[in-house]
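A, B, C, D and E are the chain letters, set down in written order, and residue numbers restart from 1 in every chain.
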Amino acid sequence: MISYLPYPVRIDDIVVETEDGNLKTFKLVFEDEAQKLAWRHVPGQFAMLSVAGQGEIPIGIASSPTEPDHLLFTVSRAGKVTTALHQMHAGERMGVRGPLGNGFPITTDMKGKNIVIIAGGFAVTTLRATLIYLLAHRQDYGTITFIYGARTPGMLLYREELKQWAERSDVDLHVTIDREAPGWDGLVGFVPTIAGQVAPSPDNSVALICGPPIMIKFTMPPLEKIGWTNDQVYLSLENRMKCGQGVCCHCNVGPKLVCKDGPVFTRTQVNKLPVEY
Amino acid sequence: MTNQTSETSKTSQTNWEPKIIAFLCNWCSYAGADLAGVSRFQYPPNIRIVRVPCSGRVSANILLSALKSGADGVLVSGCHPGDCHYISGNYFARRRFALLNNLLDFVGIEPGRVHFSWVSASEGEQFAEVVKKVTDKVKTLGPATRLVKSIDTVQAA
Amino acid sequence: MPTINEQLTEEIRVQARKLLADKTVAAVIGYTAGSLPMTVKPAVIRAADDCGRLVWNSFCVLNLANYLPEVLKSVEPPRGPRDPKPTGPLPKVAVMATGCWSRNIVVQIQEHQVERERVVVMAIGSRGMVSRRKVEAHFSGREILAVTELDHELVVKGADFTETVNRWSMVRDNCQTCTHPDPVLVDVRIGAPAADRKNPNPFKQVEMIEARSTDERWAWFSAEFSSCIRCYACRNACPLCYCPTCFVDDARPQWVGKSLDATDTGLFHVLRAYHCAGRCTDCGACESVCPMGINMRMLTKKLNKDVLNLYGIEAGMQPDTPLPLTTYKPDDPQQFIVNEPGSAKEGA
Amino acid sequence: MNQFLFEMANIRDQDSWVHQHEPEKATAKAKDLVRMAVARVRGEGALPYNMVPVTKSALVIGGGVTGMTAALAFADQDYPVTLIEQSDMLGGNGRNIYRNWKGERFLPFINDLAARVTSHPQISVKFNSAIKDVAGSVGKFSTTFSDGQSFEHGVAVVAVGGEPYQPEGKWQFLHGVNPNVHTLLELDKKFIDQDESLKSIDQAVFMHCVGSRIPERPYCSRVCCTHAVDAAIKLKELNPEMDIFMLYRDVRTYGQRERLYQEARGKGIIFVRYDLDHLPQVSEESGRLMIRCHDPIIDADIAIQPDMLVLATAIQPRAQSAGSLSKFFKCAIDGQGFLLEAHMKLRPVDFATAGVFLAGLCHYPKSMEESIAQAKAAAARASVILAQDAVPAESVTAVVNRAKCTGCGVCTEVCAFNAVSLDDNGLSVINTAMCKGCGACVAGCRSDAVTLKNIGNEQIMAAVDAAFCD
Amino acid sequence: MQVFKLSQAELDSMIRHFGSLGMVYTPAAGKQPSARTDCAPGWQPADGAPLALATGPSATSVKTFFFPQPETMQTFSVKNNYPDRGLLREPETLTEKQIVVGLRPCDARSVLLNNLPYREDPYYQANMARTVLVGFTCDAMCSTCFCDRMGGSPMATEGLDIAVSRLDHGFAAEILTARGEELLAGLKLTPAGISELDELAGRRQAAPQADAAGLDALKERDLNRLYEAPLWQQLGESCINCGACTFVCPTCYCFDVQDEVVRGTGRRIRYWDSCMFPLYSLHTSGHNPRGQKMQRTRNRFMHKLKYFPDRFGPFSCVGCGRCVKDCPVNIDIREVMGDLLTVE
């Protein structure tokens, strides 16, 4: 039987991620030890964040299963629930329902492969979870290429971690911003351009792409040019959803339910669907 | 059923005191209320003032949602016609309220749940009088039940 | 001898065909035959050859002005949401309109939803639309399989009966009390104009409710509106309800709850009616389409009465006069002001 | 702290002082008020202090005494001024008036004023000119004139004056028909021209309140009583034997002007009261004027056959006040078409529209010295703006959520400041520099597309809900 | 399976007897407000009066008993001084028996169809567990009825606990489940004789039968290929996007969730939503994947006739005809299906 009851969690810490203040990462800890132990998720899954009196909102899980003490969610202030969330403080109580959705195929299709992760804007959240997981199981995967772009340096998420990853030799990290900015000596250019330049060969590889639809659209041609096929590319779809568990029907894209059949689809699967996302 | 729950829980308190939401315009009626304070004009402690820039800021939606939230009475007060700080806000408000007032009466909301008044910044005593009149009227009507939202408190508590 | 409606239908077809053929308009909004007795389908006709599908009868209860803004948009050249409106003349759309529908178009023009020069009003003097619900009630429970319309009678057939009823007795309440059956906008005249009707008291039903006590009115309101299933057919059938986000759907702020309790449904209907204040032309579409048969028209009719009495305005009749809630007079009546000398509540 | 993050729970004035004998209930109320204030302020955000740089020049509209006075007040402070006048001459109505109630002649004064204006290096006068368009707002207006030229200015003073009512209908009293019926200004013209024929008049009648204090013009024109009494005295000076009757409703020779009234009585001028139910009847009988009226004091009908009838006609606003001008400068007008100040007591020479001021007869009927004082006041108020490098614009303004906007235009209609308009896409846009934050558009918007910064619907509802959260 | 024979009086007393076992609901005559705030209008508590059913299905569907409008999912408090402030709790599962009398076979079938997406849903299942369905088979069909075209039949009993059928003299009550049997425990009823059983069987045989061939034909159509067909544009153009069809539909089951707070006390409810509404699919960003009426109209029919069958097997329509009857603009799903079969 599915459940609609969120687990009670406490906000342990809130980090303002971006210069505009509109993205905050919430560190949540379970109030109930048994619930904490029972929680199992894979990167790419999402959960419903719940604020009593405001409602629920689906948010990708930004923490990796290999960080077992807490859950991380990076939330953009946009609607009613997220605005309320942004007004909350450490120590306050809220709810989490999940994990929901299918997640990335970390133990199946991705295992033993070279991994290319391409992220744009704040869609990087579940890919952060993925990267942390991959690094924790480093021996199970081939090369790891991580391409991440944001509008400005101040709009990059997880800046401390980006620095740490940059220093690692087992991750090929490319962080880019859209336009030149003072104090920025890294890559400049849109994600698709950078991806075309740095993406490895498609042999024995899998790509995970999350970002605004326009970025995804323009990222494919450069990849295709060097031989990538739609089967190798995983995308994460978003749609309005309410139950998160395949019942309420809100998130359907043709016959598929994003919450249950997704949010992760191969590009081959997505191409078969009507454009209702 | 739920409406009755709220009614009984309200009336069961032996000394029921109505809560009246008063939307006061910033320039006249709110200042009039301040003047009533400075002048120590006493009036019943039942109103809860929400300051708004102008009576023209108060929409039917706002007024009805105050009733929905459980206000036993609602008062909207602004500058006298012609004195609006924003020239014409209260004139528009007057038309909106005239129609709303009649419509609420039509659907059976007790006359006297919802009040409108003009009180200027210099009318502290007038303000106290209006509040007295409104409070007395609401008290004779008893707790509001019509168009009051109520959810099952038994399950929630 | 063809019936009046058959003649009108033929005239509509001829005129629509002409308008489409000579490219005066890009589309015609009208009615085509329905699949059930006493139903018609609103349709947008874009080809002259298609005009034979158009029909006109006494069951055209949905206000076609409802479709006008969207159809007008559909015939414009496509553009992005941020692109400015094209400057040159845009294609026109023809629409059938009776008195109340044409007045709705006037309100739509006043509210910038429709540009007058892009609308070709095919004006039809209304003879009153028949209430399907009244006919069904007349045959209480016996299923009606076919209804043939004569000029003054309806021939109603069921599995085991055929009965003729007087047409006017089955006409909707709003049409029976209508005083302006003829369109106020006329571009193409269909049939003969309808004379204004003298109605001794178009607000009789409203006054009957007003005459009741407060408690009786509340009982009436509660009973009438608690059968609402919140399908919003009334709202969506209304040409005035064109907001992209209706207050009732809005979560920020959540004006009205989503449940079926009396407060939520009551608030919805009070506010919906209020939002039509001074704009409603009593076309009756809301009431006609309600699957639960709720008489929500009483609320808008009450507002129409007050707007007329207090401000002397009838929606859609005075295109040059601002809508009543967008204007004022310094000496507007204010008996409801609690501290006004002579106020209704004074000393109450 | 940003001032817009502040909310006050008004415990003192609106709670403890007004419920002194009910401390428990007052405390319960105080808790509610605090909770309500917190709920409300939670939804608030810091708002920017918008500053508009000030263009240090002034526009004065109207070249009468008022306008000239205002222009000189600016110019003498070294601010460039453009003065526009619709005719080809400065002076306005003043040129048609013989003297003031102190007996001082107007024409020399006006000629002197006009000379100072035309010779002032900071004043440029545009004759035969009108306004075609006005853009911008306080601090930076840009006004285009009928000749196509435009002028940038930080403030504007509206002094378009008024005009005499031309008698008509039952107030015509044969004016324009019988050559012996004049208005006061027409009589002044004879004074100015030193018309000798006045001396030969044996009997004159003045009719007060012609066109004033009637339903169409319910106001008192204020200056005509004094003017009429003074003119009557002047006639007496010309011909002490002249019989003069004043047909009046109420005499308003206020302040020091009362002495004129006393003087008139002393000189034997006869005051006969009439009321609207007993309007004097004026007719021609065998070529002579015949006036029949009822004297309520002696309760008798009287008939006069004067040589001259003088009508003290009302002052009325110029059509352009209520027309193009109020549209261009978003000036409020009252029911009669006079321009309306922002607040009768607190802001008597300001318009509700920031940066625009008013003085003179366009405001309401007043005497010359009052107009002059008001002109100086308006210029002084306006100079407060010109003295600054930048002025703050209202921070609490309306904002439009375009996704919810229907473009119905209700907001544009109910905005008293013309701060709302429909853009090329037909959707509502707020000119925040002109918005005063009253919220009329918010309440008028059916689709919740407009909201007011920091006084949004959600915040008001949160405050209301908090009152019931005990 | 037992079959009893009932006179009108026995039928009435049987229904009265149900009142001692739980709440009994019957279709309301005309528009009746519901006795419950969480239950759609159209049903009323049985009042003991003899049941007089109109031909065809009740005004509103039986889904309201399984999928109430609204359903409280959780409750909470947001009062400052409340220790569990912000903590959501599930209300106690309702176990009070509700006996729904007078539904038609089409509605009975809808309960089973909805149970496919809802088989893991705790609230729906709790309502399944406490609801007993006493249905009346149809001895006549309305002109808007088409259950036979959707795989049902006016005499079908699928989904019912007890099925009551009219006979020439009196009624036959078929006890179909253990729950049905429970309801009748303690009642002295006359088993149907051979003649009644024969009559029942005869009536069942004579009734219109499920048209399997028609269903198969539609199933074989590749509707995905018709995704861009012009018929959607025409339908969408006349549709006014109200939710009447979805709300009267027994097999429309999608819901929205919202929190309500009144005077510090809150509840999270789910309530009927309609894919006809633009807000249904609107993203917070303002992007709407089904922003046009046509897209939403298409989605509703595609869901019923393609997506649901692809996922669960049967079409998500039982042919009750309510949407046909109540559509303000006469969109007739029978015509839509016909067009889908013929359009190229």
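In this section, a contact is a pair of C-beta atoms (placed from the backbone, for glycine too) under 8 Å apart; a residue touches a chain by one contact, two chains touch by 3 or more.
Remember, predicted model here, so these are calculated numbers, not experimental data.
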{"item": "Where chain B and chain C overlap in contact partners, by chain label", "value": "D, E"}
{"item": "Shared chain contacts [chain A and chain D, defined touch]", "value": "C, E"}
{"item": "Farthest chain relative to chain D (centres taken as mean CA coordinates)", "value": "E"}
{"item": "Of B-D and B-E, whichever chain pair has more C-beta contact pairs", "value": "B-D"}
{"item": "For chain A paired with chain E, centre-to-centre distance based on mean C-alpha positions, whole Å", "value": "39"}
{"item": "Distance from the mean Cα position of chain B to that of chain A, given in whole angstrom", "value": "49"}
{"item": "Chain D and chain E, separation of their C-alpha mean positions in angstrom", "value": "69"}
{"item": "Separation of mean Cα positions, chain D and chain C [Å, integer]", "value": "45"}
{"item": "Of all residues in chain C, the ones touching two or more other chains", "value": "222, 244-245, 247, 251-253, 257, 261-262, 325-326, 330"}
{"item": "Residues of chain A touching at least two other chains", "value": "55, 79"}
{"item": "Multi-chain contact sites of chain E, meaning residues that touch two or more partners", "value": "37, 76-78, 256, 258, 260-263, 266"}
{"item": "Complete list of chain pairs which touch one another", "value": "A-C, A-E, B-C, B-D, B-E, C-D, C-E, D-E"}
{"item": "Residue ranges of chain E touching chain B (in the complex, touch as defined)", "value": "37, 72, 75-77, 91-92, 260, 262-263, 265-267"}
{"item": "Chain D-touching residues of chain B, taken from the complex the two chains share", "value": "17, 19, 21, 33-34, 36-38, 40-45, 48-50, 52-54, 56-59, 61-62, 65-66, 69-71, 83, 85-89, 92-93, 96, 128"}
{"item": "Residues of chain A defined as touching chain E within the complex", "value": "1-6, 8, 50-56, 78-79, 82, 92-95, 238-240, 242-243, 245-250, 252-255, 274-277"}
{"item": "Partner chain B, residues of chain D touching it in the complex", "value": "10, 12-15, 17-22, 25-26, 28-29, 32-33, 36, 332, 340, 342-344, 352, 396, 414, 416-417, 436-440, 442-444, 448, 452, 455, 457, 460-461, 463-465, 467-468"}
{"item": "Sites on chain E touched by chain C in the complex", "value": "30-34, 37-42, 54-56, 59-60, 69-70, 142-144, 234, 237-238, 240-244, 246-248, 256, 258, 260, 269, 271-272, 274, 277-279, 293, 324-326, 328-332, 334-335"}
